[in-house]
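To start, the structure itself, in structure tokens.
Going by the order they are written in, the chains are A, B, C, D and E; count residues from 1 in each one.
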């Protein structure tokens, strides 16, 4: 029921929205059809997600918000090919990502993921961590390092390229993880609260950078955040998940033109959307 | 700074000190309990004999043989232990089926296999190398298995999300994060490899320090016996510290190496 | 293996001799002298002496065809033939009497006659082997129950005599030259000679039926070389020349000590002839051979009903 | 679900299967190469002999002795290995100074020490127990050391911020997080303990399966020898799987136990 | 210089502020005198903190803000007795916490710390993790469990008491860590971005709970956050650290009466303070 109305909003909103600049309402990049996920442990079965239907167009930026524990990370891990859905299907560019519990890795190429934890490799320096995806793909050393230094500068870690993860602060580690995900200029970028450990200013700057990069590379982005303002600022659409089990309650199209400047946040329409979403989230309380 | 330097110097001070204490206790024990020269000769006698043994060039040939056998066996164990450990660590059902065989192969008394070894490999070094390899294999293999399974799931997901090949996951993640385990296994393994070689040399052939032990034993030459044992221990220590040095070289990032220096400031 | 013998029946090649005892003992004097004195070479043979871990391994290696010859105790040979029908053949008898001795502590508990063993614990290098059986034979020969003496496996280490002195063991079984070392190092040590009570603990050169057929030439040359070496040693009254030749190639405790070396070699030499210097070396006498078999079956140590006459072959011995 | 169940059943299917294949290969080898009965008897003969050996009550006494010695030695090694491993893991300077001694004690050929053991502890079980303990000690100690040093620094800070005593830090954090390492060490340790016991039994005394191996070997009774070896292997397997079972019981939270079942859904 | 002016603000502000209700301008709980911290690695020496002077009264709630990597965590770890200062002295109730590199543990009693990472113990269930401090202190089992269930409820994890950490979402783990720190009703509470992984609503509720608890137990709180609104809402004073090396740039007294309701955020003075702080933070950029 919730899913139905969500789909409805999605469709109507989708038609009107400003959307990604190139390719406008492009072809479907990601299709989630009836996705559900159950976790089994000795003590309990948790229904983390249920009946998730969502279509994400190529080049679209989708923000996902929801209460802590509502299944956002679970959803993202399924999209990243790390966790198989219990029910339903995920199509990437029309091809099925999951065959039962097996992932079809050929489907998920040019993928960048920022996890909720930084998950750096302690045996590599900052630059080596950032350049790891390039290395796996076979880029040359000089090229790799140049890109790593460039990205380190981008995330505000210039000068720390040769440091090791244990010498960094929490926020700095998270920024290394972001740089790592960006290194291969991914076509599909999945981000799980990437800016949670950052101060307001760094966060703001990262928001702008992310928007710029997403537009420049025409990347499709799924972006999980707890910051509603951020979600609205960045998203073409904002997906609101309700907890236990996680369902889509609402998909809100954000119709400001892109690229958006920081001042868009002061526009009256912006504040209204944020307030609406916040109220909707507040209602999840009782559940 | 100076604390770190003093820590580096410590073994060079403490080891000789402990050795002196050890020899003093040994001498004391021999004197107080009036232990027969045959059972345990005093350190002075042994050292005298040690000088003789060391100046005999034949001894060095024996030592070289033992070292060669041990190192060869150890390397075989290392390569096969890592390979098998990785595979079994990642394929639990295979491990479940093969484990009984592997454990059995370890507990089987090797003395019964010696004739088979001799038939297959002759009296030369090969059978000792295999003996060393068989003993060293198990701890390395088990530790690698543990290591492969202890890889941080979050880091593993990073590799999976990067669509890495099995080999890439192995070299960039599993190998690196298993290293500390491999080295712990190697430290046990090198010691077992020496034990294996020595046992092999006891049981057949006429080369190596193990053979020298048997010979001095047969000659009832207690001082030479203990001198040979000291030589063997020194060889064992050398090999062990080579492995240990490799560890410091290869996994400087690991706690067990860089230690608790950051813990307290 | 690379140590496997070449050469067929034509003689003149490489050959491996399996020694169940370590090379560094004078019990192996005939073989050592045959190598050191060039006696094998004279017969066109290049012999490698290959030590193995004890009798079982020597026999196993022999039977798997890696080497054609070894020297074993008669007791073990008969056990293998009667017990499991191993195709072993005795082709020469170098030692006509036991080559083991019991060492005891004069102060603690002298062992002078078989009765002294009753109720005691004897140390043996390994249970079930020759030494163990010699103890049984000594008791059985005197009409005593072998079970009345407990056995304890002890290592052949310098310290074992200490256990005797401490009274944990009444004595323990060693080879002749070890007995000589122990007595030379410990005035308290006494030696019990089982030869007086046991006839069957002789030593014989053993080959397999296959090798007897296929490598007769090599074996013949081997025995000839040995015969020369043993004759030379018998002829060398003072043993000076023998010791000199041995020291030219080998070096170990008992050999390097003049007194022990001479005492041991003298005792060994007596064993070759069985006390009668006129007897031909190496020849297996059917009467003694069969008599020993009876002694063993009487003591219940090997199965009865075999035909010992078919288990030896004097035909390869030098005919001079 | 059913995948998990089938995984649990797997060893019960695969082990007999592998055994059958193993025996078939053995038989084949013996026949094709016409191996002497004395070197390697065929499986049929050995099984026949095994029945005899097993029905002999004396065998069970020997097995009990070996098991007792092994377990006692293993427990000593466990307690001392954990204690020493924890202390050395936390006090690096002490480790640096003592390590040479510890390594040397491992590589020293034990055969030379047996007479000392016998003089100190007699012919009975004690010397074998000590032998087993000495061999099993090292891998346990080294793994505990590795474990103590691999404790997550963040978790350690939690304990420190709670003003916990050393003992509390040990029981709630170090012990728990070192457990997987301890168990890997224990798995190597139990196998080495059996080897130690057997070697001890070879070299002295007249009890135990190791003694039985030597005796049947000397009696040239190859079928009984191999039957005894099979018994020993079974004993080893049993002890190993007890340790392995303890692991499953004690550290259900660890990856190496709960496995990769979550990894892929 | 920056430290001087900060101290000045501190003193003048301190006299006027509404402050903690019980004991008003109570005795000094914490005194930081000339604190500095340098990290040495093979490649570089990092001056993380330098010349930190600050006095915190008993029962006071001090928020700390600053750019990512400016030394907040370092400061907190020194207060928690986990990291020795390179220079300067920390007094807790007048007694010195550090003697060189050694910590005087008798000085830091009844301490609760929430780390930037959750640092849960995977071998303990949620309830056992929460009750760990009580267990260490020797409380009985029934008592412990009752408290753990009460706290699980408080942080919104009712029903998950018997789950294990690996079955929780990132935000849920962080909430377990908060509950753990609160379990012993600490007199001194040190919190390092405790609410970073929480959604806005949960965060708001936790803010109110934290304020209630701090007032009820008269606890002294040092609270690191990236959310300036949160810092102002909760703090009696807000300390602003500038990066490289970390120095106190400003200590702002917040003079709203406590307990404060959510609506305080709509008061004009509130917004002004937040804006000022944000501008000050923005200026750190160039450094």
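Basically, a contact is a pair of C-beta atoms (placed from the backbone, for glycine too) under 8 Å apart; a residue touches a chain by one contact, two chains touch by 3 or more.
Given the structure is predicted, the values throughout are model-derived calculations rather than measurements.
Rotation angle for the C-alpha superposition of subunit A on subunit E: 180 degrees, rounded in steps of 5. For this structure, the chains sharing the highest number of C-beta contacts are B-D. Note: the chain lying farthest from subunit E is C, by mean C-alpha position. Chain centres here are Cα means. That of subunit A falls 85 Å from that of subunit C.
Separation between the centroids of subunit B and subunit E, computed from CA atoms only, is 50 Å. If each chain is reduced to the centroid of its CA atoms, subunit C and subunit D end up 39 Å from each other. Residue positions of subunit E touching 2 or more other chains, listed in rising order: 117, 164.
Looking at subunit D, residues 35, 39, 111-112, 115-116, 119, 202, 214, 217, 262 sit in touch with two or more other chains. Residues of subunit C found to touch two or more other chains are 56, 60, 64, 155, 157-159, 162. Of all residues in subunit D, only 35-39, 111-112, 114-116, 118-119, 122-123, 202-206, 211, 214-222 touch subunit C in the complex they form. For subunit E in complex with subunit A, the touching residues are 39, 41, 43-44, 46, 65-69, 72-74, 116-117, 156, 162-164, 167-172, 175, 192-193, 196-203, 226-228, 278, 281-282, 284-285. For subunit D in complex with subunit B, the residues that touch the partner chain are 7, 10-11, 14-15, 18, 22, 35, 39-40, 90, 92-93, 96-101, 103-104, 106-109, 111-112, 115-116, 119, 138-139, 142-143, 145-146, 149-151, 153, 156, 180-181, 184, 187-188, 191-192, 194-195, 198, 202, 210, 213-214, 217, 225-226, 229, 232-233, 235-237, 240, 254-256, 259-260, 262-263. Put simply, subunit B touches subunit A in their complex at residues 152, 154-155, 157-158, 160-164, 168, 172-173, 176-177, 251, 253, 262. By the touch rule above, subunit A contacts subunit B in their complex via residues 77, 80-82, 105, 108-109, 111, 113, 115, 117, 119, 121-123, 132-133, 135-136, 164, 166, 190.
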